[in-house]
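So that you can tell them apart, the chains are marked A, B, C and D in the order they are listed, and the count of residues begins at 1 in each.
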């Protein structure tokens, strides 16, 4: 195939975590990208097959340190490093290297907001300014032209797929937005914590990051306030569920349910990855696992003027690495859906 | 032990379902009750060990048909039959037999409400009138004296543990109560449905009974309106989680979080099964599995005047069979907690 | 792409079960096949999206009855019907229609063996004779030329990937083959049985089909005896695990472990879907989920002359629908791996 | 109750791990024991409720350091410390303190065997000599009189419940014993390892400690050789399953299946915790979860002279803390089953 001749060269920084591995999975059937470098500071020198045996069928470069990568040969770097590390690394990369960052470091445009939610001053404020917020369906043109795209929070993405069209259309009460999220555990990454052990996580559920403290609130504030032209503060709490992939967002809203449904149907009519279900039907995370799809359902209530809108996506794919690849496709001039039309895995 | 001489004789009608089996589990270490009859129409003649091998160490009567039971020898019957069947059976039982019913048939006092939520006229309205609502901590005296106690819905119980004291104390906005429930699958019973198969339920989550249609709303309406002295209609949707036991209720409320916490702490100070966590701490269903305990946590929000209260319990135990035993203890003059102080199973 | 012009037209008979849905998933990114008909007798008239919402993004024909399909327009039919139904249906299909059958109906060549293991005479013995056993890596040429390919049992496939090369090479004791299988639940299909409910299957394990009674023994007997030129009877018991996809076969063998490893390495050196791990390493079903790959590991024991060989595959994919597609690729002249190189889903 | 006056005072050393917590769970309804001290070096000063919220309803002493315990007030200590730590601690405890040790430190009587399997010389060989092996049903008299009881490995216990009576009765081929174990994850303790995370463990299975290297082989060698009066070396590999509690041991044996069954039935006829199922029936870990029971099933094979025996138990309870309590009951003169007759938790 001719395409081979023009394959774009990719580096994945931080390839030993779940989002890095998910990028490799997605790129493995993409005709236009070629993985040229994979980094992992603590696991440098190891093969990907030893770190992620599920990738052993692929011919991949071994993990190396970031300072071993020749970035002059790289067309685009995915940066799947931990928060705070990301800004320190990106600051030192060539200033013309195109980057899709999957960390939280460049999501907030306002340095004060960053400091408020992340508890420290930003380490690369000049780069922060140029970053484009990576919610593809709403920033397509900016992303296409961007040097640095900041991947969104997975919870923030799920909530915004519900809320952005409704805020824009003015069909919900902006002061009464409640977002009750149910999240799979892979969103917490490969962190070694007692509450993430199978023995302590399976067969039970609990809230976390309660009381209006979850950092993704910074993204909601920034994006919804911008859309509304006024301050919008939602009430949002995630709950940790005994499953690996998937976010189920239940938005409790004041507004006319049928009108809400109509706004969402119209807004997403031409989006390939976003499916609005018939009115009254509800989505399941089972139906999007491993895929880049979003399913949204709208239901009314016995009390008029109230609605619940539920949205589901796979946090590692559409909520993170799938979104990143969708953005990279735009940046490199490929079809936005290239490599991303894999069907979900069920059961 | 002297107690043996005065053991109360128990029948469990509908012992081949999960709540029936859970009753046997709880009764197996209770010093004051003796299981005399176990019924199961379709499995009559079989041993309990063949229907529930986990009970095989217990000396139990075989399953029989209800019409084979000599109720003159029974001190108290637990009725763990399906909805609608229960009223048809109870109508034919001796009118002085003391009964704890675990079905939905006698929860609603108003025949019109029953018809509205269950779609048919009640088949035993005269018995419906005498039934006492079985939420132990709030109907203790009535239960002690009752002939027939109607066990509550498991979702309705979880929600009321949060809401009743707050409605009574007048510390929350009665028109703005949102209850987002997360439920384990055993609440659906042993029903053979595709969406309850392991292959379709594990590793995912989804809402169900949406749009203000869940039947437990009938209980909320009845009880909260009675307490408030005015109509109270909450917004409530359950979500099905990939776990077997446990309900996590997240109540989104308008009111002062600290005051809400204080009301709950005071109300439950002397209750042995209900633990209110320190302000800001949140409960997990992991911590009550297999037990009769309820854990409640209260958190505030960045926006003053808003709170989230989370409560957890085991739907099969405190939400159903444990509640039933607690009520039976009261009815038979035992210590209310007899047989119910088993610690949860973790991990 | 030119290929579109020559797309082969596919029918899937029995598309409302798991293997049918898995075929749709795999075909959805295959460039050479086009799904023309999907049948489901009981769900005829329904859309696939209503039966399997995870497929709702695909433009698919609605389910219809088999007698509504115009087979003159079909290049190849996948038959994913229940055992016994399959032979009755296939007997009535056009005798020149190329078919990949996923049922057990045509796996055994000997009518007496069929009757022994399936408890009834075969209903289409003349077709039984022409069927080719579908274990791709060992019957490639026959499959390429076949009219009817009989997909193997998923357990039988897993075991044979271990045993065939070893029997052929004469490096193990043929009278001392023990196969302890651990199986995910999707192999049981969408059957509504109590022990397949999430509440009864999750969080526990048990043997089933014990005592040398599992029907896949018929396949082992047929294939291994043919290879060995003498009767070979293995001892085999499957165990049901709380997971959806995956088979882990542990073969307990007498023979030199290093030699066993060398035989497997050499045999599979050029196979794209079969990975033999370094000596001493063991595979995990996690690493093949959702894919067409097989991982095999060989370990020795402290007692010389003994070995354990473990193999893993995804029962729905490589063990059933993936195998079927691999065979269909051969039959239609496509690259054998077309549409099958999707990376596993992890985590 | 009079019993209160004579309650025995208990210390649990290492109460912040799963076996320590399981001991607290079991002791919480035991009428004859009183928990006087709980230790946890790294968590000293914390309440048990903060370390294990599921125990928050119990009045328990806070965690302290071992050197803060006044052992002159303690009747019996459970030692639930890590391997190697245990011997170092026990060496320093009062030499007349009665101890049930749950670690691996005192299971092997022969210092050379200890060094072989644990890779270092034993640190307290004089104490090693006096330790009694804690498999209750086979060492009852010795345990009753012992100062120090060494709890068995959970895998070693499961296997021995199958093998000891058969070795003793001479009904199986001692050179052909294969033990294929399937284990829940809580046996690995609260260790923070990637492969124990929910994301990496759920939904899959794999062998571990392969090749005749698992340390419990030391116990099998010691105990079975002693019984047989000759060296017996079994072949044994465990497999890690996606479940929290439970071990399923599948023993592949040469011998007459009916005779094997008869031997087991007779041997365990009077044992309260061990249930031998009818011939041909197989056990499930679901049916013993959270309990002290063992279920054993025997099946034959199509080839005469071969059998599979499957046994299940809960590794944290009967395999560890339940066994420890059973032994402590004997040592303190209580009914052996006191506090241990709780029914399993199902579903």
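Simple rule for what comes next: a residue touches a chain if its C-beta (ideal position, glycine included) is under 8 Å from a C-beta of that chain, and two chains touch if they have at least 3 such contacts.
For clarity, every value in this text was computed on a predicted model and none was experimentally measured.
**Student:** Higher C-beta contact count, A-B or B-C?
**Tutor:** When the contacts at A-B and B-C are counted, A-B has more.
**Student:** Taking each chain's centre as the mean of its Cα atoms, which chain lies farthest from chain C?
**Tutor:** Result for max centroid distance from chain C is chain B.
**Student:** Using mean CA coordinates as chain centres, what's the gap between chain A and chain C in Å?
**Tutor:** The mean C-alpha positions of chain A and chain C differ by 36 Å.
**Student:** Go ahead and note the Å separation of the Cα centroids belonging to chain A and chain B.
**Tutor:** 40
**Student:** How big is the gap, in whole Å, between where the Cα atoms of chain B centre and where those of chain C centre?
**Tutor:** Here chain B and chain C have centroids separated by 45 Å.
**Student:** Which residues of chain A are in contact with two or more other chains?
**Tutor:** 18, 186, 199, 202-203, 242, 244-245, 283-284, 286-287, 289, 347
**Student:** Going by the contact rule set out above, which residues of chain D touch chain B in the complex?
**Tutor:** 18, 21, 24-25, 28-29, 52-58, 186, 202-203, 244-245, 272, 275, 283-284, 286-291, 293, 295, 341-347
**Student:** Show which residues of chain D lie in contact with chain C when the two form their complex.
**Tutor:** 178, 180, 182, 199-200, 202-208, 210-213, 217, 233, 235, 237, 239, 241-246, 248, 250, 252, 280, 282-287, 289, 297, 299-303, 306, 308, 310, 312, 347
**Student:** Residue numbers of chain A touching chain D in their complex, please.
**Tutor:** Per the stated touch rule, the residues are 18, 185-186, 190, 192-194, 196-199, 201-203, 242, 244.
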